[in-house]
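Here's a structure for you.
When the chains are written out, they are named A, B, C and D in that same order, and each has its own residue count from 1.
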């Protein structure tokens, strides 16, 4: 009830807000490229942050504009909250009304904080996931956040269970175990709830699992449909409505015939990243993970439907189209990155597209309706691929950089973690730019025959990563999706593993792995000017959010707690003397233990009253 | 411990060598000698004298090279492996067993989680931190019976001998066995500093098992 | 008679000869009595004898290994020897025969014979010579002690990586093998340098290059081959040790090292190695043929050219060991041609020896019998070698028993038969007593026939598909009978070798006393008493032909005027052997032994830790400093003072 | 001596005599082997002639006991004319040697080219990847549709009359692939990819054996080569592509359960079951093979029992460990394996 009241009360203020925004926007509009979020997928600003991606279009844009380029330097700490967990915190805080919800890494606690009481914990939900699941989580025991819908909070646990809990009381509504840790399946992703479905996929592409995306009924938790990423068409939910744009994706049972016999059963293609939803087309968009094992010589063929993006009907799960960005993936280029749903001019016509910074380093602009690739330009340094052929949709591989059994291939750029890993970018409708936190790293890779034993890693590669050209490991790029080129770049010493946040005050936020939380001038003209930064207790790999607090002020919240694939050297105390540790990431992160320490604290900032 | 030398035919002069027998000295067991005497053509020991030979024998340490491929039944390993299992010494400083362990380490995907000792999904093995104890017996127990925070149990997937060999290899990651039983590198992508050049790590007797997260 | 003039110092000459000269020379050149003298000696004959005996002991040991292998292979699926032990056996057999017997024994014979054959008083660098023997002994002992301790190498005498690398050969087995290589390389290189210097600078006046006995030519060619080929294997084994001990990546294909690098380096040594063994053998054959046919070897220039050609071709054929590795096919043709070309000088030599017999009046005593056995056997081995030069044929017979047969025909036929002949031939020179002819002939026929029975069937086994280096073979392959035959043959050979030893020991004690020249041979070593005095020659002989003793049967011209109070040697010019300089030969010294002991410690401990190289360098440096500490003014002086 | 010479003359005949064997270079059952065998025969004849010439000269010299100098001293004047005859003979001999060698070299080169020609020209119908392991062979059959690919161990099947391209890789140390009845050998070298073309011409079963020393069990690393008619070969392919059938008898079911839950499945794969490990031989069609343990034992109930009960007794050092099954487990597992037809 109270929520409803609040909402009604707020409405006028929102209107006023919008007016203000457009007033500010006027001077910017002159150089605006015309890109805007898909209207149906990005509701007007309500000061809340109900899902990690902020909206179905995955903009991660908060229209709040109290914090501006000119006053951001006055930001002060409003309150903090220690999660008592010292693993990698990748989750975004969820803000609904007066409440903030925080999910932690394994053991996947959910904290409810009352924002009206300075962030005091109201309740904590402990799901007790199986401890053994820690042993099969490839890259730290992370969790990427919960999602709020209809008074319930939906989240997943590492051992493969989906929970729905009552947002107010913290009582469990239902739970459903959909992952099997004995096969190596874990779940780390944040579920997406839309049209009464909870969409969850599995993790474990390094364990020889078979990837899938499941839709559970949001009310009961019962399985509505499950779409595998490999195997026969009926498992992949490919039917008559499947009309991929490119010829290489057409044919019967490609999920079987593009694999060696049986290999598709353990072939990966997990779904552990971001899902976007277009309420107008009723289609979801998500990427599939890498095929397993990493050693590509063990799986000749295109390895459908891994490392590509699926468009599916949300009601039935039936596939509409598919685009494979790395057929016969050589480098673990999971294609699970976010897709930002935009409407933007293509050849002079406003076209519904999704923009996805691919893990392989190409910024794909794909037609949401058909799967046609309009452009795919590199947004980072790549030497293992030589562009995307827009006629066939296939990426052109550089032969010399293809890993071969028995010989290390040196200086492959980008690394297995890609030009950009899971950490999501943000889109600001005010500037029309996409803010992409990403990496600039290269690797040496030596592959060998991997042995499949259920529930154990299935990789077959030794990797050593290191900084790419220039010696910096991270880049924060402002990308113009229409003109398909970068506007400005910020070089960061460490790879960027945190998400980005864009705000209506033309400030973008991101964090670094050594604990700096930074505010940057979002404008194209600003050139990536650093406006403000603060050093926090631990590295940041989570997703900053912005919301309007009960007091009407704009807050910016971020969780520290270094970890994840890149930060495991700190959170799991890996030994830097083994450069291949953590799939080669340790080699690139040897200096991290000296620059930060494990942590797990929520920091909330606001302008002084 | 009963003397393993009872059945040996070494001259009386030698026991002075045994007096200082720590980890480093050779165990001259009956089996050892059986295999020494057994080859049809142990050539005549020319020159040198027996004492010198015995000294060399002690120096060269044949246990280190003994290739016991059999792994025939020995006492069942109990759910936790008691201290002082005679197999500890037998496997820990034996180059062949360490090499076999190295092979199993790759085959059975130990390297998938622990990589080449630096850790990843699993904890590092080349440092001196042992969550569940760093003795051979503890390591074998960890391998065979698993540990709650993610280490799977391998009781039914590998043989006991393989577990002991794996433990020997795991110990060699921290350069713990005799230097002359260690190997420098495998024919794979270069990774850690060769064990032969590493500092031998201390074995911290046991650190309390640390559950991750606050509740376990 | 040339007289070397000089200051008023005691010199040999008309004033000083006979017993008085003998006494003076004995004092100057003699060793200290007893053990001390034994340890400090620098006499090439004493060290040569030690070398020969040690090498022959290794021959016996290697032969025992061969017998064990033949026993195991006599029957299919035999359980007599475990695979682990068998692999050590054949590795030890190959290693012992190649590194501890064949090369050392040839160099040992040269150490003993060359100074005598070219008419000088000692080998050059005699302390190095002593050092080399100790190194050789230490290397061989290291290997065999390791084998007795069940840590014998088991990766084959060729030790192909990655099998011999750190991953697939755990423990110290291969390190011991590789370090044994280092020992024997040091020893062999040292001897090679001594021999080259001795042959080029210490020949008797008048012994121009064109008058050198063919054996000396063979030794010269061999020594150069050693100098150019052995560093290759020392490098290879050094890199192997580094890979195994400190984790370098020379042979790790993952890190862009290359297993084939080993094969190239090893065979770049390994093939010349075969000729290093054969060329001195050919020298033995030439000397024996000459003596027993009463004719100088036919077409001396052709023989010399053939030896030199073989020496050169030896370095262009190594890839024929690698035809199956998949290197570029066209490149193989060159190695086919080069390998076949070796048959040309060999064929010329064979012709010349037979022509010498044809033209002469051969006395078929035991040494010449061995020559005949050599010709028959070596020709078979050589012809089967021509077959393997062909890439397609090699692809079939490579690594089969056909190859085993081939190289035993070449090595036993080409080196061991001549060696046995040579031992019989020079036995009276070395010991002063003749070897028994009857036992000699018996053992000859047993060895010769036993050898054929043992090894000819292996050709067939190879053609029938039996691969090498297998510890057993299945029944029903049709290999059983031939294997049994080979085993029987090998025991006949063993028995014959035993007879040979019995004969040698018996002759040593009871043999007929030989004069200075019992065979009426033409070369200089027979111009001095048997056994030779420590100073070799009372006066340095002067040579005017290839067969000085036949030319001047009773009055060998000599050169006098060398100091008798110092170990003075006469150095001559390289080509024409004109008197050039006199130089003092070093005195006996214990320091070569200490240097060898400290080097041994360094080498052995560097198997276990790389720091040994650093720490161990100090004692070595100390020993070498003492060794080279100048005690008298450097003395090369012109002949005419 | 004479006898030896005679037997060497018999070499070509002996080479032919090897025809009957399943592992002999005189087999001539493949195009390549026949080419090499022809060359081998040529070499035997030519080298045999040279050997005969040398022996004849040696015997002549032996019988002659020539030389007319009773004082055993060389006499330049007297030997000069004789020398001239010998010198001419030496030149003639050298010319003969050179001529013979050149002839052989050319013959060898031509044969080599025609072997290489078969590599380049024949678009291979069969494409097999053969992988050498300590101490067994893994064969992977490749097809344009990768889902048709399958693996087998210690055996290959080839059709007659078409060229088979065999790609060779080594997993650990150097091995060498050699089917003497079909062709020469080719090494498998870690880090390199080599290949060889086999063109079998005659139906039959041949034996290949590792020909490069590869460690402890080098002696027990055989490969069973079956050359089929194209029709039989197609049937075999079809059978191999099928996954394993589910076991039906209670004993086999018990064995299946054991296999899937115990040590077996950590190393071995059986297509169509959860066992997908790749470090040991693929057992999907185990019972269609003639041998087990890389030719160490014939295949069959008894040998399977023996092998599984104590692999180290049969093949010491092999990677198949002693597991210590009790009698029931052993019978069950063998019963299950016997269903893998």
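FYI, a contact is a pair of C-beta atoms (placed from the backbone, for glycine too) under 8 Å apart; a residue touches a chain by one contact, two chains touch by 3 or more.
The structure displayed is predicted, hence computed values, not measured ones.
Chemist: Measuring centre to centre, with centres taken as mean CA positions, what chain is farthest from chain D?
Modeler: Between chain D and every other chain, the largest centroid distance is to A.
Chemist: Which pairing of chains gives the most C-beta pairs in contact?
Modeler: Maximum number of inter-chain contact pairs occurs for C-D.
Chemist: Could you tell me the distance, in whole angstrom, between the mean C-alpha positions of chain A and chain B?
Modeler: From the centre of chain A to the centre of chain B is 45 Å.
Chemist: Any idea how many Å lie between the Cα centroids of chain A and chain D?
Modeler: Comparing mean C-alpha positions, chain D is 54 Å from chain A.
Chemist: Go ahead and note the Å separation of the Cα centroids belonging to chain C and chain D.
Modeler: 36
Chemist: Measuring centre to centre with CA averages, how many angstrom lie between chain B and chain D?
Modeler: 38
Chemist: Please set out, as single numbers or ranges, the residues of chain A touching at least two other chains.
Modeler: Residues 406-408, 446, 450-451, 453 of chain A touch two or more partner chains.
Chemist: Check each residue of chain B and list the ones that touch at least two other chains.
Modeler: Expected reply: 67, 107-108, 157, 187-189, 193.
Chemist: Name the residues of chain D that each touch 2 or more other chains.
Modeler: If we look for residues of chain D contacting two or more partner chains, we find 172, 190-192, 265-267, 279, 316-317.
Chemist: Would you identify the shape of the chain contact graph, picking one of line, ring, star, complete or other?
Modeler: Shape = complete; every chain linked to every other.
Chemist: In the complex of these two chains, what residues of chain D are touching chain B?
Modeler: Going through chain D, the ones touching chain B are 172, 190, 261-263, 265-267, 279, 312, 316-317, 319, 321-324.
Chemist: Once bound in the complex, which stretches of chain A touch chain B?
Modeler: Result: residues 84-85, 87, 105-107, 126, 128, 131-139, 141, 206, 408, 444-446, 448, 450-451, 453, 455-459, 462, 464, 568, 572-583, 586 of chain A touch chain B.
Chemist: Which chain B residues qualify as touching chain D in the complex?
Modeler: Its residues touching chain D are 67, 69-73, 103, 107-108, 156-159, 161-162, 187.
Chemist: In their complex, what parts of chain D are in touch with chain C?
Modeler: 1, 4-5, 7-8, 11, 14-15, 18, 20-26, 33, 35-36, 39-40, 43-44, 47, 50-51, 54-55, 57-58, 60-62, 64-67, 69, 72-74, 79, 82-83, 86-87, 89-90, 93-94, 97-98, 101, 104-105, 107-109, 111-112, 115-116, 134, 172-174, 176, 178, 180, 183-187, 189-192, 194-195, 207, 209-219, 222, 295, 316-317
Chemist: Can you check the complex and tell me which residues of chain C touch chain B?
Modeler: Contact set of chain C toward chain B: 57, 61, 64-65, 67-68, 71, 80-81, 84-85, 89, 141, 144-151, 162, 165-168, 170-173, 243-247, 249, 251-255, 608-610.
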